[in-house]
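Please see the structure below; I have some questions.
The letters A, B, C and D name the chains in turn, as written, and every chain counts its residues from 1.
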Amino acid sequence: MNAMIMMIVVLLPMLSGVLIPLLPFKNRRQMLIYIEAMVILNSVLVFGMLMNRPEEAFTLFRFTGNLSVSFRLDGLGSVFAGMVSALWPLATLYAFEYMKHEGHEKYFFMFYTITFGVTLGIALSEDILTMYFFFEMLSLVTLPLIMHTLSREAILASRTYFYYMIGGAAFAFIGMIFILTYGTTLDFVPGGVLDLAKIGDKTDVILLVYVLCFCGFSVKTAMWPFSSWLPKAGVAPTPVTALLHAVAVVKTGAFTVMRVTYYSFGTDILRGTWAQYTVMILVIITIVYGCSRALKETHFKRRLAWSTVSNLSYILFGVVIMTPMGLKGALGHMLFHAVMKICSFFCAGAIMYKAGKHYIYELDGLGRRMPKVFIIFTISGMALMGVPGLCGFISKWNLAAAAVESQNLLAYVGVAALLISALLTAIYMLTISVRAFFPGKDFDYSTLRGIEDPNWMMMLSLIVFAAAMFVFGLHSGPVFTMLDEVVAVLK
Amino acid sequence: MDFVQNFPFISIILSLFSGPLSSVLSGKKAKMVNVAVISIIGVMSAAVLAYVLGSGQEYVYTMGHFPAPWGNEIRVGCLEAFMALFFCVIMLLSMIGGQKEREAEIEKTKQNLYYIMVNLLLSSLLALIYTNDLFTAYVFVEINTISACGLIMIKQNGRTIEAATRYMIMSLLGSGLLLLGICFLYDLTGHLLMSNIQEAVRVLHDTGAYHIPLMVSLGLMSVGLAIKSALYPFHAWLPDAYGYSTLSSAAILSSLVSKGYIFLLIKIFFRVIGFDIVRDSKVINVLFVFGVAGMIMGSVSAIKENNIRRMIAYSSVAQIGYIYMGFGLGTTAGVIASIYHVISHAATKSLLFVAASGITDASAGSTGFFDLTGAGYRNKLAGVAFTVGSLSMVGFPMFSGFISKLLFAQAAVGSTHKMLPTLIALAISTVLNAVYFIKTVIRLYTPLKYVPTENMTHKTDELFTVTMEQQPFKSVALICFILLNLALGLSSEPLIRLIQNGLGMFA
Amino acid sequence: MNGWIILPMLLPAAAGIMLLVSSFLEHLRMTKRIKENTPVIVDEGEKKNLHYLVGIVLAITAVLVVWTAWSGERQLVLFYLMKEIPVYFHVDAVGRLFVTIVSIVWVAAGFYSFEYMKHEGEEKRFFGFYLLIYSVLIAQDFSGNLVTMYLFYELLTLVSMPLVLHNGSREAIMAGLKYLFYSMCGAYMGLFGIFFLYRYCSTLTFLPGGSLNPYLAEGNRGILLTAVFVMLIGFGAKAGMFPLHAWLPAAHPVAPSPASAVLSGVIVKAGVLAILRSVYYVVGVDFLRGTWVQTAWMTLTLLTVFMGSLLAYREPVMKKRLAYSTVSQVSYILFGLSLMTPDAMTGALLHTVFHAFIKCCLFLTAGVFLVQCRKRRADELVGIGKQMPVLLWCYTFASLALIGIPPASGFVSKWYLAKGALEAGVGIFGWFGPAVLLVSALLTAGYLLPITMKGFFPGEEAVVSEEKKEPPKGMLIPILVLAVLAVVLGIMPGGLLRYAGQIASACM
Amino acid sequence: MNLANLLNNYEEAVAMILFGIGFSNLLLQKNLIKKIIGLNIMDTATYLFLALKGYIAGRKAPIVVDGVRSVEAYINPIPSGLVLTGIVVSVSVTALMLSLTIRLYRRYHTLDLDEITTRLKKEGL
């Protein structure tokens, strides 16, 4: 019975999502209450589940004899599930206000809620097949969200998105097959499942496959050279971009990479090989590349999207250090980046929603009109830069500490890349704030008439996130104690 | 001898004779007869399958009780029985789904002729599945060719006749080679019954005598059947034949006819030559290379195509490439994957053809890519069905395509040298599949207002919504196909075990 | 009573934030008023109150700081930022010294700016940030470990940036951003080093002599040296060390003069402090002495010394000239630190003190030139001495002190620097360094003294009004105090010298 | 494998050459009628080959005229049967091909398949 709850938290959002267009709601308000209630209920269930963790696995159904869709909750999964469940209700609240304008709300919220379930499915996967299954599902159910506006741009973006996703999945598939063949089991086991006896002298092939598989899963985290879909997908409504493309979808990518690296292939066979160097080089390139593109970009949301590209590779960098500490750093950044990026995206959304400005050069002087939003935006920018006292610093610190600890020369280069990226982040984030607050002496504020801070629904989410950045930044001990426990199984 | 054991023979004869019978019936009656025959044969095949599974072993049915090596034999194992059942199901659904098109596109007086062809086709397919005699197989290959040609050209416009001619030419080249291969083999072994030939070949192989002629014969037969089943680069006839013929024809041709030849090839590999000998020969490497090329090139052509029917047809080229690649791996796992793919592709491709026609119905009859804009909203079921089919083709978990992809990949890992090319080809091909199928799906769900109308051949006011009630038959067929796909995708285990058993009975 | 340590930081911070919020609300009211077309009324009384408030806060804080600093050892773990890494304050000798300098300069410049900022507007915002920076600087000086220091180091950049872009012109914004990016760049390079030190040092807490773990460092010398070097360059950015010095000449001219004064006088010293702390209190000089890092560092500082002077010499704009001068002078300090001998370090510490007072004084003077005479360029400053002799005398004394003419203060510090260089046993640098310092001193004379000369002796052809127009007392007195300090400390350096000497010998 | 072998089995060699001629005609000729002729040559070559295989020198056709003689007197009858079946198949296929050709010719007044295709494309069907 205890294990059943894992199925429930995955299926409940899916079911309630599917019901949205079918239920006869009298008005919008009712529908929103229904959605939020369902999401919160599910989050509560998830946290309940995390509190008393079910030990045994739960099998949903079987594809073939040994291939099944089954769930199990372990430390890593708990972190991810907890993060997702904490963010979803807030993001949904924000979406209510935002989506007023976009139309087709029912279908939007249908897929939006289903995505919740699918993401949890990834978090709870017991084996690589289940994870792959939900990984593909996620691409599918998020597709309508990106297409949502159905404009030409959105259609093109969704196409690009899907091609990348399928391509990624196709290569990830190869990895899965290898685990199926050369592993002792498909399940995730800390330290990997590869059967050295079966591999024999084929280590190089395994490494190649790892690289392919890594690239495949990291398509979702928009790793260079597979990164261009993410900024394009920025055409989606902001709650989608924020939640899915800063949190759920892309973090899933990172999460899957963690699973594959630490729980399937196992770091022992990978550490110090050309495979590690290859992926690390890719990751380092992405860190710098994403930032540079962000710097060049003048579209507000796209700039944030490029920033996401870079920050996701921070997480991947932690992963490819391939030590428990690296994983810890990666997890830390995964959590904190979620908070930071969702906050900055929401700010961008609020600005676009209230002021109708999409490009950065249009933001001059807005800081005076929407001070709360811009102050929070500046805070999130500083957090992304890694100003001490905000959460970005903590995660960066842990990543760098892990890199230095690993005594790997390339990881040192990675540390440098992290810092270069931090500098570039400072440039692209703070120029926005400076523009907004200091538009120049003779700026004519009358052009911005009628623009003001958004209502409490949007502000609440923003303030909660901003507060979270400080709390985590100043008092990260408990979080990392928890992460220590998670990675302890790897030692 | 149980009465059930007569069923394979009865079903071949039944469909064979219902053909001439149809010629004297009116179109409507012929249709009834046809549906009845397919259903009866389906039921009989199911009974045979149950029997074989129950007894756990194959049986040989000697025609006219002449013993081997003189008599003609039918051999029934669980794979054969399942194939017969499956082909009946697909054919029935395709016939149901394409009913409206047939009535619209075929001249009233020629309606019954169509059913002759379908019945003959069914009988030839059944014979290809069941027969244990190589020359009988050849004869039915030709019957198959002729009736398929009839199916293509029944919609009598220039395109279809031209397509039929091209189809005939390629097919005849293929059957010429097949015949020559069979003659060689007969020359070498002195037998026509598969089991006898196998014994003889085994002896030849062990002694090492006549190695080259044996290989030549194997090569001729493989190439002949490869041409007939449209393996790249012999696929030139295929897009026209599938793309312009009437719906049922396209569905049947793509999902069954080529599969019949492939099944025959499997039988030749396992029952006639012996798979270990085939594996040692270089023939499978050739098949592998062409299979991989087909996987990629078929998809590339499909991407370039603007006509949805032809696009699906090109996709068939790619899928047949998958199947031959599976053979080419040279492992039993590879062949199992291929057979599974035969089944999954048959189920998916006919689904796609029927769904595509539902979509074109809602787009003023045009198959042009731009005209399909928003059709998913106008014909909801067809839209969903097409999406399901596409996802299955792309290899999305839950649908049949995923399982076959999984099986192929697993098989590939077992083969040392072909592992990486196969896996990478699979990955690339998946992406390419996604490119054209998902492009179409997205197009189906793009609202009209966002698309420049100058690319469209029809006016937007000509479009109308198609509901399920308006197309009851097609809807039933679509729903069945979708369920079939899901069933294959979600619980493939019994089927895979059945294929394994069947192959075991072959050897 | 360790908790007291937090009070001098909290007080200005709270006051600053209060001012900022109130400035912000005022803005909102103003925009609303503009919307409603009611005239904007500036309340003079309110301004006065603001000055009282800031003045009182500054005074109380300064007293508190000095009292906290000089009444014995104090330490406080505020909370844990991460596991094993607390935000930790500790009052030690170096912190004491720095915090005292900061307080003196801050109070002086603060009082000066009451008068000065009337010309600039947005006073509330200015003073808000001014107080915030003060609090951050105190915190940095009291920091007890590297991470805490880094935390405030970076905060310092962020809160001091608004001072640079205070007037909101395009130029100021660009300069502000430049300042920000150079400082960030430097900070991140520093952080790079910290990452490595965290791994290879047994603790990040400041200990005289460093806490490098020799077992871990063994075999990793190469990477560790690189990391330290990167760190030096990084923290050097704030101290205006080549190659990351370019923000200084951009930021100083556009900032309000009191802001440039504190930037030059104190905030650049944050870079010096960071380097001092990391080299002498974390890594330990023994590890660096004689390595390529030391050589490279010395080369860079000498280069900066020379280049800064030369550029200052060629620069016509007064505040820019002073900015280049800062580049040059701060590198004197860094050169002293790079020599890694007690004498040189003493000299460096002394020069830190003197330069803070002198440069602050000079910038404040330049501010007077700017608002009172509306003269930006040095060559326009003809006959100033006739109009405001007191001011120009202050300027002259400060200049002399900077050049290092005995008995003014600069001489003492330079003496020790040169002495340290000769003793250090660093080969060619032993005599080359003092030579560069000497040349640079000559250049310093070359770029500072002409103003005095032209001021007092405008020459025949220049048309100069003889009217006396000394700056208001509010501006003059801080300048006077600083100038007097600059001279008097040079004449009576005894206590200071001993104090610096103790610090230096504790580290070696 | 030497030349002598080829000469000894000259009938088979001829059959193969014929097959090649037929095959290439079917594949390469543009004219549909010539293609059909190629098809027939190809089939005939196969029958020749089959018949050769069944023929045993000095024996008679397996037709019982005056009582059953011993099996040794007759040639192998199965290839002959196969040839007959093959002829039936080939005739029907040829008929079908010819009828298709007639239809195409009536529509397009040409026997060139490629030209027909280009015309079809022009028609836009």
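To be clear about the criterion, contacts are C-beta pairs under 8 Å (C-beta built on N, C-alpha and C of every residue); 3 or more make two chains touch, one makes a residue touch a chain.
Note that the structure is predicted; figures quoted are calculated from it, not measured.
Q: Show which chains lie in contact with chain A and also with chain B.
A: none
Q: Taking a step as a move to a touching chain, how many steps at least join chain B to chain C?
A: 2
Q: Measuring between Cα centroids, what's the chain most distant from chain B?
A: C
Q: With chain centres taken as the means of their Cα atoms, state the distance from chain B to chain D in Å.
A: About 28 Å separates the centre of chain B from that of chain D.
Q: Averaging only over C-alpha atoms, locate the centres of chain A and chain D and give their separation in whole Å.
A: 67
Q: Round to the nearest whole Å and give the separation of the Cα centres of chain C and chain D.
A: That gives a centre separation of 102 Å.
Q: Taking each chain's centre as the mean position of its Cα atoms, how many Å separate chain A from chain C?
A: Computed from C-alpha means, the inter-chain centre distance equals 42 Å.
Q: Counting only residues that touch at least two other chains, what does the list for chain B look like?
A: In chain B, nothing touches at least two other chains.
Q: Could you say which residues in chain D touch two or more other chains, in rising order?
A: Residue numbers touching two or more other chains: none in chain D.
Q: Which chain C residues touch at least two other chains?
A: Answer for chain C, listing residues that touch two or more other chains: there are none.
Q: Building nodes from the protein chains and edges from chain pairs that touch, which of line, ring, star, complete or other describes the result?
A: Here the contact pattern is a line, an open path with two ends.
Q: Which of the chains touch, listed as pairs?
A: A-B, A-C, B-D
Q: Sort out for me which residues of chain B touch chain A in the complex.
A: 391, 394-398, 402-403, 405-406, 409-410, 412-414, 419-420, 423-424, 426-428, 430-431, 433-435, 438-439, 442, 445-447, 450-451, 489-493, 496
Q: Under the definition above, what is the set of chain C residues touching chain A in their complex?
A: The touching residues are 24, 27-28, 31, 34-35, 79-83, 85, 147, 150-151, 154-155, 158, 165, 167-170, 173, 176-177, 180-181, 184-185, 188-189, 191-192, 195-196, 198-199, 220, 223.
Q: Enumerate the contact residues on chain D facing chain B in the complex.
A: 19, 22-23, 26-27, 32, 35, 39, 42-43, 46, 49-50, 53, 78-79, 82, 85-86, 89, 92-93, 96-97, 100-101, 103-104, 107-108, 113, 116-117, 119-120, 123, 125
Q: How about chain A: which of its residues touch chain B in the complex?
A: Per the touch definition, chain A meets chain B at residues 61-65, 67, 132-133, 136-137, 140, 144, 147, 150-152, 155, 158-159, 162-163, 166-167, 169-171, 173-174, 177-178, 180-182, 205, 208-209, 212, 216.
Q: Chain D touches which residues of chain B in the complex?
A: Residues 135, 138-139, 142, 145-146, 149, 153, 156-159, 161-162, 164-166, 168-169, 172-173, 176-177, 179-180, 183, 186-187, 192, 244 of chain B touch chain D in their complex.
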